[in-house]
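Listed below are the structures to be examined.
Each of the two complexes below includes chain A, the first together with chain B, the second together with chain C.
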Partner chain A sequence: MSGRPARSGPPEGGPTPAIASDRRRVSSWFETGFGARLYPYLLVLPAFIIVVGVVIYPVLSGIWYAFHDVTLRTLNRGTISFVGLRNFERAFADPVFAQAAWNTVAWVVLNVVAQLSLGLSLALLLNRPRRGIGAFRAGILIPWVIPSVVAVLTWRWMYEPTVGIANELLLRVGLIAEYRPWLGDTATSLLAVTVESVWKGTPFVMLLLLAALQMVPRSVIEAAEMDGASGWRKLWHVILPQIRVAFAIAAVLTFILTVNNFNAIWLMTEGGPLHSSEILFTLAYRYGFQRFDLGLASAIATLLFVGLVIATTLYLFLIHEREKD
Partner chain B sequence: MNKRQLLKTLALAATFGGARTATAQQGANLTLWVNAPMAGRDAPLFAEIAAFQAATRHRVSVQAVPHLEMQRNLTVAMSSGAGPDVMSLDIAWVPVIADAGLLLDITDHARSVADRYQPGPLLAGQFRGRHYAMPWYTNNVALYVNNPMLAAAGIRTAPTTWQEFQAAAIAMTNRERGTHGLSLAAGPTGIFQVYSFIWQNGGELIDPSGRVRLNEPEAIEAIEFVSGLYTRHRAVPDTVLTANSWDEVNAPFLQQRAGMLISGDWALGAIARNAPNLDYSVHPLPRGRRAASVIGGYSIAVNANTPARDAALQLVEWLSGPRSTEVMGRYERIAGTMAAVAPELIARLPANQRAFLQQAPYGVPRPAVAGWGDIHSNVMARLWDQVIRGAAVPGAVAAAHRAAAAIMAR
Partner chain C sequence: MGVARTSRPVWLPTRRTLRTVVVYLALWVAFVWAVFPFYWMVVTSIRPSAEVFQRPPSLVPSGITFQHYVELLVGGEFWRFALNSVVLTLAVTVASVVVSVTAGYAMARYRFRGSVALPLVMLYGQMFPPVLLLIPFYIQLRTFGWLDSLWGLVPVYMSYMLPLCVWLMRGFFAQVPMSLEDAARLDGCTRWQAFWRVILPMALPGIVAVATWVMIHTWNEYLYASTFIMSQENRTLPLSLSALIGQYMTDWGMLMAGGVITALPIVLVFFLLQKSLVSGIGGGAVKG
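Moving on, here comes the complex of A and B:
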């Protein structure tokens, strides 16, 4: 013992009695009455401000632009004028818009169906306890972790029409008789980009579904086996219902990520040749940043946004109804 | 810096009235955006900036921006009232950015020093009769020839006329060996390679009055000639259908699968890096009815909203002025000055760079109209993509003509 006299006040460096008293008063203000009602709003205020700034404001300003004549010139000379639905009329009158809309549907359906079916197959395959299965699981994730620009450019060179390895492989297995310009042919450009997109996106779906599969109680599967359920019936009636929420999430996320997958198409084909792989997202970019017709680009982006909201809501509604059943 | 340069700098500062303001006395803070290749490690630009800072007391922050992102970033930043005080910009972007009111009108300065510059690059900084940018460096496209492939085809000298060019392309094509005569690109890059031929044939894209002249026999004939090298003679590899970057256009030439390449001086670096042992030579483009080569390059301009106009203009003068001849030489590029094309300077250059300088007097800028970016990227690129896929040239040109006229009318 040092023999130092005991202190009755706060420890050294701690708040003085007056400050401690203030803190208690503030603290008690947030515990009752108006303060208690305000408290949760104050906690979410920083997040709310960020969401308004980086999500809600851009969306609303994009919708506002869609109804105005916004070009580089009008924007910088302060002569933006309200044009009503004229930007939408211009979009619908443009034959490229119709082609891009159709391509967007094909692009989304092909990607979602292929990624979900392949992702589920891989998840079921990798859910089995086997020696070295961890290495396989890690290996299959490689496409997902490769930066998308690197992946896209690698595929671009693989598709090269005169020395690309894709042509050489297909030729050797007898699927083609001569080299083909996969990205340069209007009939195959969208399909060629879809292959890259499916290759890149499937591991993410697989990861989501594998996590869900591992949560399925073993006892449920064993009960089905004891009841004599075959492999397909077990999958259809036991396993899939157990992972339907994860499957729905995977489907919605794949849908949104596919619609917004700008990198793959822009870096591989720039929407070409002759708009054969143009989707609405690349078309909006083209009008916005090549033509600098921001009103028209915003009209297309708004249509895309509304379509995404409707499709996602509809899908989640159907899932919800099925849950109730 | 010697005494003469110092005096000149001081005189320049006085001319722009910088010494009269408090800002100039203290020195202004300037931000300069340049295309990334000009601001690599140990780039000559940094020594120039240091000299400028020492001479003027202004401070310059250099920011490198990749070429592919430069136009978008510039327009977005400047439209929001921010962006650099001074910027380098591709000469093809000047009209659209000037039309938006984002560039400072520097006509008085440009007219006072006009005789120092090559006409083509100077004209490329003009929009509706006013000057918005000064030449920084210029380039044009020439003909790269693989010497052994040319000799193996039984041809002694590089082609100088369209007929010789076509004959050489066909002669160098050998299906069994997988070789072709010429590497061409798809889309915007491909049509950029064709512009020179349209002008060589006496054709025009858009005349100075803004009238679209694409649908004229000279232009149609030129497009038929170049596209026919692929569609009729198969003297171009299938990469013409997919190549949309210069790397992809260069690849067949670097790999000796194509005997000729139409490209600018930027291909010299690509060849030196990727195929240092390639035996090749560079020649002026084969002539049609007249000599012509499309001009590329970068200009220097001032942000219309900069708070330090005088200092920014001083920096433009410094970078694009007489010193640029030597500085661009260190980059192995051609400055936009008349001094850069002096015969004694050409004679001192490596042989493969001479063709570009020999063609400088025949350089033709692309149309200086606000809609040119849209016309080039969407209308002309579509036209090229159609004709190399076998569409009849007159019909495709007529459609492109109408689309370009609609953009001009907007």
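Moving on, here comes the complex of A and C:
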């Protein structure tokens, strides 16, 4: 549509004398020639400028800060100096960093595995039309709908060590003998937060997989049934391969959302007690906005970012490779 | 169901009924698991204060009272926080939708330099961890003197909304048949008129879905707000909730009442727009 010679359009001089409607003339300037070529760029321009200003520039300067000595004092004096890899060295030398890195891995693996397996089971359960399925689906979506802060604070209340309902229910079922401070115990804090995060995140995974399941052609399943495949074999050999791409997307999204899940940890334990539920995100936040060592925080954030990009790219690459077979 | 068909005794369930029972059992477990915390929040917010801290806690409230809501809303500053949230949400939603509508349309409709790369940039833009953006934002806002200001949060939130908005819009516009636009242009519309009068109304469900998505996320956002807002008068609702957590004592009844009020608009919007939202997330994001 932009193949015509640029000069065939109306002259690029000032507005032509307005006889009919001015607006019509202005917008017809974009119909041919140079104006037509410019038109899509003009439509994209505002979004492009804003994304450069509020995403790309900050990301680049975040990485830049990771190699500089940035604290409130140096910011005020305007004496930010280049320190090479010192921020990274300081991070690696910190024993809390190792613990937070290990916690991040555990946190991500637990969340992704639990959310994907539960989400898939729920999607399979809700896929067939059954009596009352609408009500079940609406109820199961509730955790996804509730604002994250509200959900986290509600769970914090349920975990309350002296009058919390979680303790009471577990006691009644016979799983524990006495009330326990789930969030205040170094052995259980990360797990307790994980339970909340799985509760909150599973419905979204379920939605993504359910949408994919509903697009599996009926004929494929019927053909498998004719061939005598049933139950697990049908699921494994027929249904799962059909929703492979959606599953991969759900896995990557869950991964990204979990690494970036700050609210659950910060509002329940603040990474404590004794850093037992500290992940790299909360650690960077602590360094940045409690100690105001912004250079060190940027170094950790940069590492986290690089890890995210590598893991996502690797995973998508593997999926892509398998597609080819 | 199917019992009479077989020759086995009637009281013995067939495989099929057994299966149905297991499926419904699983559905009920999932349902109770998903809904219980919500139930517990509502119940805590409407039971008398003394009963909130009763040990052992009882599953069903003995009486219903709205004292927590009254305490929260009468004389308190909760109104102010709600107003802050409403203003901020409207500003971010309008700005994001206006900017992403034209960009998404152009990316779906036209071939131009960058028309392939830009959508991917947008998608990757969504991947940047907020913690990496947090520090540069802090420093920038500090330099501009926009720390502790609701308006300062608008560009910050757009960094987190706009890339995905553009991506989703592009998906919706790609689904609108472009022959419609050509027909309108043959009838004498200019490009802009064809877009404004023909294509935009067709894409309206998608636009509503994106706008709702932005609203929900802005309304719920906590990390940026808690980092950049310091003074009490500029708090948004999520901030005011977390501020109700006391160092030694927390009034959980009041906090849960605040939670119900914060969640209410989102839950209502969601159930009103359930269909278009779900298909929007599924269709727009997955199919691209």
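Assume the second predicted complex is superposed on the first by the 282 of 325 C-alpha atoms of A that agree within 3 Å, B and C clash if a C-alpha of one lies under 4 Å from a C-alpha of the other, contacts with A are read in each partner's own complex, and residues count from 1 in each chain.
Here, a contact is a pair of C-beta atoms (placed from the backbone, for glycine too) under 8 Å apart; a residue touches a chain by one contact, two chains touch by 3 or more.
Since the model is a prediction, treat every value here as computed from it, not as a measurement.
Superposition of the two structures on chain A leads chain B and chain C into a clash.
In the superposition on chain A, no contact is made by A:106 with either chain B or chain C. Contacts of A:75 after superposition: both chain B and chain C are touched. With both structures placed on the common chain, the touch criterion links A:185 to chain B but leaves chain C unconnected. After overlaying the two complexes on the shared chain, residue contacts for A:302 are found with chain C alone; chain B is out of touch. Judged by the touch definition given at the top, the superposed model places A:53 against chain C, while chain B stays out of reach.
Looking at the shared chain after the overlay, A:272 reaches chain B, while chain C stays out of its contact range. Counting residues of chain A touched by each partner, chain B versus chain C, the larger count belongs to C.
In the superposition on chain A, contact is made by A:39 with chain C only, not with chain B. Legend: residue contacts after superposition of the two complexes on their common chain; A:240 is shown touching neither chain B nor chain C.
In the superposition on chain A, A:311 contacts neither chain B nor chain C.
The superposed model built on chain A shows that, among 1-9, 73-81 or 91-99, the segment of chain B colliding with chain C is 73-81. Residues 75, 160, 162-163, 289 of chain A contact both chain B in one complex and chain C in the other. If you check the complex, the residues on chain C that touch chain A are 23, 26-27, 30-31, 33-35, 37-38, 40-41, 44, 52-57, 59, 99-100, 102-103, 105-107, 109-112, 114-115, 118, 121-122, 125, 127-140, 142, 155-156, 158-159, 162-163, 166, 190-193, 219-220, 222-223, 227, 238, 241-242, 245, 252, 255-256, 259, 262-263, 266-267, 270-271, 274, 278-279, 281-283, 285-286. Across the complex, chain B meets chain A through its residues 71-72, 75, 78-79, 96-97, 99-102, 178, 186-187, 237-239, 241-242, 244, 248, 251-252, 255, 257, 370, 373-374, 377-378, 381-382, 385-386, 389.
Of all residues in chain A, those touching chain C in their complex are 1-2, 24, 27-28, 30-31, 36-37, 39-41, 43-44, 46-48, 50-51, 53-59, 61-63, 65, 70, 75, 121-122, 125-126, 130, 136, 138-143, 145-151, 153-158, 160, 162-165, 168, 171, 199, 203, 207-208, 211-212, 246, 249, 256, 259-260, 262-263, 267, 281, 284-285, 288-289, 294, 297-298, 300-302, 304-305, 308-309, 312. Those residues of chain A whose C-beta lies close enough to touch chain B in the complex are 71-73, 75-77, 159-163, 179, 181, 183-186, 270, 272-274, 286, 289-292.
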